[in-house]
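Before anything else, here's the structure in question.
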Amino acid sequence: GFAKIDYHREIRKGFPEVIFCGGKTPQQVKEIAFNMYKNGSDVLGTRASHEHFEAVRELLEKAVYYETARIISIRNTPPRKTKGIIGVVAAGTSDLAVAEEAAVTAELMGNTVKRFYDVGVAGLHRLLDKIEEIRECRVIIAIAGMEGALPTVLGGLVGSPIIAVPTSVGYGANFHGLSALLAMLNSCASGVSVVNIDNGFGAAYSASLINKIGEEGK
Amino acid sequence: GFAKIDYHREIRKGFPEVIFCGGKTPQQVKEIAFNMYKNGSDVLGTRASHEHFEAVRELLEKAVYYETARIISIRNTPPRKTKGIIGVVAAGTSDLAVAEEAAVTAELMGNTVKRFYDVGVAGLHRLLDKIEEIRECRVIIAIAGMEGALPTVLGGLVGSPIIAVPTSVGYGANFHGLSALLAMLNSCASGVSVVNIDNGFGAAYSASLINKIGEEGK
Amino acid sequence: GFAKIDYHREIRKGFPEVIFCGGKTPQQVKEIAFNMYKNGSDVLGTRASHEHFEAVRELLEKAVYYETARIISIRNTPPRKTKGIIGVVAAGTSDLAVAEEAAVTAELMGNTVKRFYDVGVAGLHRLLDKIEEIRECRVIIAIAGMEGALPTVLGGLVGSPIIAVPTSVGYGANFHGLSALLAMLNSCASGVSVVNIDNGFGAAYSASLINKIGEEGK
Amino acid sequence: GFAKIDYHREIRKGFPEVIFCGGKTPQQVKEIAFNMYKNGSDVLGTRASHEHFEAVRELLEKAVYYETARIISIRNTPPRKTKGIIGVVAAGTSDLAVAEEAAVTAELMGNTVKRFYDVGVAGLHRLLDKIEEIRECRVIIAIAGMEGALPTVLGGLVGSPIIAVPTSVGYGANFHGLSALLAMLNSCASGVSVVNIDNGFGAAYSASLINKIGEEGK
Amino acid sequence: GFAKIDYHREIRKGFPEVIFCGGKTPQQVKEIAFNMYKNGSDVLGTRASHEHFEAVRELLEKAVYYETARIISIRNTPPRKTKGIIGVVAAGTSDLAVAEEAAVTAELMGNTVKRFYDVGVAGLHRLLDKIEEIRECRVIIAIAGMEGALPTVLGGLVGSPIIAVPTSVGYGANFHGLSALLAMLNSCASGVSVVNIDNGFGAAYSASLINKIGEEGK
Amino acid sequence: GFAKIDYHREIRKGFPEVIFCGGKTPQQVKEIAFNMYKNGSDVLGTRASHEHFEAVRELLEKAVYYETARIISIRNTPPRKTKGIIGVVAAGTSDLAVAEEAAVTAELMGNTVKRFYDVGVAGLHRLLDKIEEIRECRVIIAIAGMEGALPTVLGGLVGSPIIAVPTSVGYGANFHGLSALLAMLNSCASGVSVVNIDNGFGAAYSASLINKIGEEGK
Amino acid sequence: GFAKIDYHREIRKGFPEVIFCGGKTPQQVKEIAFNMYKNGSDVLGTRASHEHFEAVRELLEKAVYYETARIISIRNTPPRKTKGIIGVVAAGTSDLAVAEEAAVTAELMGNTVKRFYDVGVAGLHRLLDKIEEIRECRVIIAIAGMEGALPTVLGGLVGSPIIAVPTSVGYGANFHGLSALLAMLNSCASGVSVVNIDNGFGAAYSASLINKIGEEGK
Amino acid sequence: GFAKIDYHREIRKGFPEVIFCGGKTPQQVKEIAFNMYKNGSDVLGTRASHEHFEAVRELLEKAVYYETARIISIRNTPPRKTKGIIGVVAAGTSDLAVAEEAAVTAELMGNTVKRFYDVGVAGLHRLLDKIEEIRECRVIIAIAGMEGALPTVLGGLVGSPIIAVPTSVGYGANFHGLSALLAMLNSCASGVSVVNIDNGFGAAYSASLINKIGEEGK
């Protein structure tokens, strides 16, 4: 067929291939999902529209759709939950879709997740109020658009590794997320690494690999 | 001659033309400075090297050189001092040259200036320790390179107008100040406006016009 | 809820948090507006569509919609008017939406505003005809797209601080406002600081903070 | 040899090939200049350093060097002068080198040239004082760095075609002339066309072709 | 009203203000056109849609619409025709809209125009077949997208001044016309100046000013 | 003084402030290093030249200089070594300086480090030969310039989190590291996060925070 | 008419002009196709929509439409097939349209083509499984979006020339294909040359010229 | 050691690894060259300075230095010469270094090479004079800076595959070769593929792989 699913990935990475529904037709997603499910894999589809979900549900009734996160999930294996926590910290209301993509992906990969939303640095007290709770997280995903200052401020306040996600939220000279991306790459705080603009999925994946180290000592 | 000094500027703007020594030879700067001084103007030269200063001092003994700020000054009029304060807040040690260009320009334009240096957001307590003092300033010049988060954090903490100055401090994906510039233009805090990368002079000029409003009610 | 309104902001900045309706659903805007209004705040929503307004008006009958400015306003406090004037100067007919966003925001923040529209520098006499009136303004917001020359020409003619707003008006090598943005940041005139492309709101906010200095001496 | 001089160009374009000394060694320039001179051509070398000139003068004693313009000239034909005037209008003192490259090239191509220097728009009266004289020019070369507003303001004041030359004068967000280049390409005034950053030579060449139309009716 | 028409422009530039219909509503264009027509001006509207035209025709029956050129014209004065010719040379079929914007504008400004279309350099013989006819034009407008080589090849073949118009035709690394724009600005041929991407109008305006020099000797 | 050392950082982040010697004078570095050392901190200086080191050694004899890594180190505390390994994998010989900055920083922060150098993907067997050894590392730092493919290929082969470091190695369209940076941000492999161009230090810092999780279960 | 078909091209290049349907109306494409067919040429139209095809089929019943490849073909000459193989290797499912544009174009130009799809480097074994078969191809077209690593990895594994095609597949910092384009231009593997983003057609054309060398020894 | 030479490359690619001397010390180059030579490989070093060559010659007397090409060569195997010709066509005198890097690399890889220099399109007759000779080449390397039009014009005139090399020759809006690079990627001629800016080596490598197909039928 048109797609060669990488069934070996689960062995190498501890998690099966994830379907990026972005440029695919509902029919294509449905087919890939069905093959993976039959094969015994957990199925995770990101950037999924309602149409993608409807197509998948025709064949797979247990499929679940996370609307804000734009994620489809079908489980073959029982859910797990880590002891260590991944904190998902988001600056503004408009970063919600990216934040949920990160949080839901992390949960579906077996992690315990805590959400800290709308705590952007222009109202610093909102962040400081939560800082003790955030400090208890083993890994932090920090999400912000516009000037992208949140990961830097967090980086100065906590000792856990931070995965920063720039979002395309903003207009004009934010150039579709470039301002936040550059800001995060140039963070004067240490312990911050960065993923692609709006890539909540990628941040959750990295955070999950890190979080698992704590579980198992690896 | 090669230069047409805009003597009328003092009347329109309240301050005479300023010499940008940047692309000029010592001989050119000396000539312009001498003509302006003879004409009764205060003389201010920015981006001045030692060579520029030596050339000017040959003719004008009272010339003063501010080394870190790279500024030459020759006064014809007695110094003034505003009641209102301009706060110059800088993120890191490497932003010193830009910060001093701003502070010295503002002082030479007759303003009372307070300096708050090396208070970048990666060690937030340093900024919070000074915040009451900063709040008392009528206008704030906020200077930062790299991710340029300082003006945004300040903008969430104080009620005075902020002039943000991105600096070219950094490397790689800071693209000579672009990261800080974009971050400041996209600040999620309100009351922040921005000048060119490394333009301490321009920030001081704007801040001075604003500060004078408070003196005179205008 | 999904949003953490920063009620403390009014104390820090003299004005409550403003709702950026841009990426939000009508339902979200309605909820936030209602909570703020109940809390006693004045409510200001920018980048609001007709749909946003209809949703808000269902709960809050006194809501007012400024169509060209794309602004929703609901007042809890009586309107004020400063003695000092903010001048809103715009280059072309196509800059109207940004100019009105600036003018209406400034008015709703209690400022007296004068509008000078379609006075771009390609027909200089239109600007020179108004220059005496513009000189009387305490602060000036200068708005232009394309080559963005207006703030520079104004900066050479008046002594008040200028907040420059580049607009995305134009095509081709204007790259969605980049040409005007860079031109304004590199202005050879002094006393000009810049906000984001199309950010009439931000310019009005800064201008309002400055204008208030004159009222109160601060 | 390494270079194939296009001797036919004079017939096609009315002026022989011009040597861009930029990336060439003194030895290469000397050889090309000598061959062209022997062939009866007028020789024009731009972006020439002192070293280039010294090498050329060894073989060709009549060679003349224009220092500010960085031009070498050796004439085989008697100088001409058009009746129509090319006006070279430059914004600041730092644009001198580019302005002289334009002015000297135009003169060596047989045009009558008038210079209007340091008349940038931040001190508009300097430009308005000269405007009647500028209006009498058949073609105008308008040179500016930083925000590049001069050609736009001129374009609103005169009826002659304008060739705009952005210069790399400035720093920070001028990105080596990009700000002025974009501003000129987006000029809201009509009758303005643009050449490469710092390309005084190219502007003079176009202006000369245009000026000759007026001489000969062509 | 919302628009301040620059009626003085005809005196300064020899042609009245032109309406850029781009960002305007049909109602706005109709009003401006009507006022200009009543005032005795010729009316020219560029980037006009069918809707713009329908609105204008309601009030002004003699309005003419040039579909490919997207131009509205209403004449108050009798048409003229220059003796000198403006040649409009376009590389590909997809550049037609820009080419017609240039050709029709030039004709409406009173110029005699010759069109040479689909003569791009990838089939050089098509251009060489026409070159004698092109050489007879007093000014040449050269239009091309993609790699934008046409003005350079023409510049090596003819002695008339060339106004180059980059178009946004292409995809991928043409970045909406950037490739053609940069190519034209860096042309190794002389006598080429450049206008904004897709700006057929601006090229025609410059070409018309140049062509008139030949008529009148000016 | 000019610098406000953030002594509190060690408590928050587990490691004291690090001196970026980049824009600082030898005298400034010496002073800061001395103060920190006296205060009981371990001292780490990155981007240090020979001159920086000589200045520091005058006061602090135990200072050690890592030449290729451009790092100065002075220890107050006894060295530790983690059980978990950080793998530093570099593509080419020219990436050595960045790789050593990462490796030495990680070692000085108490980590066990393994180096895998010159194993770029253009000779895949070199990487595949080492892959079992690389798989045993708890965290991987993957360093590459030019097309930056190494982290992606690694990401498909191993299950540990990867911190990718783009280097400025290359020329032309690598635009000083932009090509590698964008490639890494867009990696089709999962578990890859990215730091600034040439930022070996930042990668080591993040990797160290992650590696410590495994030691302590945190 | 509006189009000047370059009938001579077949003689110069061995293949007639190809119609880029992209910016053209169905009516324009139909007319050009009809004229070419009548003239005895094979007709190839790329970037063709269903509408384009419907229009063409009205006149030319034998027209064939390749849906995924977006290609229209009408043959006048009998099909040929080379002995040498062009390998079309594509990284992901989303690169299918570009891959088919390349494969179908190559086939219609008379080449034998083998497809290797969804063999991206994040699951390296999929590529290694096919490598012997790929090595037997005389020329390779390597297609990838996102980080564009495929041609580099292939370049290290095979001895045939590689034409790399970056695709616009991805989001955020891929900037519509820029990341893959830059990666391919900076490939550390040798024997890789690059065509425009999404330009499957251009890659096939170059590959076909190369493949024919092997047939004929040329 | 610091370098892992890929001795296997000769088997995979038909040519041993090539030393990029660019970022390496003379000592490093000397060591790598010596090891490769001892191992029986032909040695080729690109971007080599005089210092690199002096270091190599100390150990390897037969080393040859090609000055303009900046190439070091030491042969272990007897030179070969293909029957098919690689044509190296360069636009201007300033492209010489890149052209020689291409020509010498191709020769050292065993190809027969013909040079066609200084035949840029601004003097088209120079190219047309040579076109029959160029048509006889099996592969063409086309080198140009500035507007990069040469490969497009060639692509319309010849039937052989063309490898285009943009050079960084130019200034201002050529942005270090970007203008030529984009022009070549967007060529409206077919059969053109592109390598990195100034990458004469890479073009020669691809051309050599293609030329060998003709020798052996492969």
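When the chains are written out, they are named A, B, C, D, E, F, G and H in that same order, and each has its own residue count from 1.
Keep this in mind: a contact is a pair of C-beta atoms (placed from the backbone, for glycine too) under 8 Å apart; a residue touches a chain by one contact, two chains touch by 3 or more.
Everything numeric here is computed off the predicted structure, so don't read it as measured data.
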Looking at the contacts, which chains touch chain A and chain D alike?
B, C
Counting only C-alpha atoms to place each centre, which chain is farthest from chain F?
E
Where among D-E, B-C or C-D does the A-B interface show up again, with more than half of the contact pairs the same?
C-D
Pair with more cross-chain C-beta pairs in contact, given E-G and C-D
C-D
Farthest chain from chain D, going by mean C-alpha coordinates, please.
A
How many angstrom between the C-alpha centroids of chain F and chain B?
36
Cα centroid separation, chain D vs chain G, in Å, comes to 45
What are the residue numbers in chain E that touch two or more other chains?
122-123, 156-157, 172-174, 178, 181, 185-186, 190, 196-197
Which two-chain combinations qualify as touching?
A-B, A-C, A-F, A-G, B-C, B-D, B-F, C-D, C-E, D-E, D-H, E-G, E-H, F-G, F-H, G-H
Residues of chain G touching chain F in their complex?
91-92, 120-124, 146-149, 152-153, 155-157, 170, 172-175, 178-180, 182-190
Could you please specify the touching residues of chain D with respect to chain E in the complex?
12-15, 18, 84, 138, 156-161, 163, 181, 185-186, 190-197, 202-203, 205-206, 209-210, 213-214, 217-218
Chain F - residues contacting chain H, complex:
93-94, 96, 117-119, 122-123, 125-126, 169, 171-174
Quick check on the complex: what are the chain E residues that touch chain C?
2-4, 6, 8-9, 17, 20, 22-24, 28, 32, 166, 168, 176-178, 181, 196-199
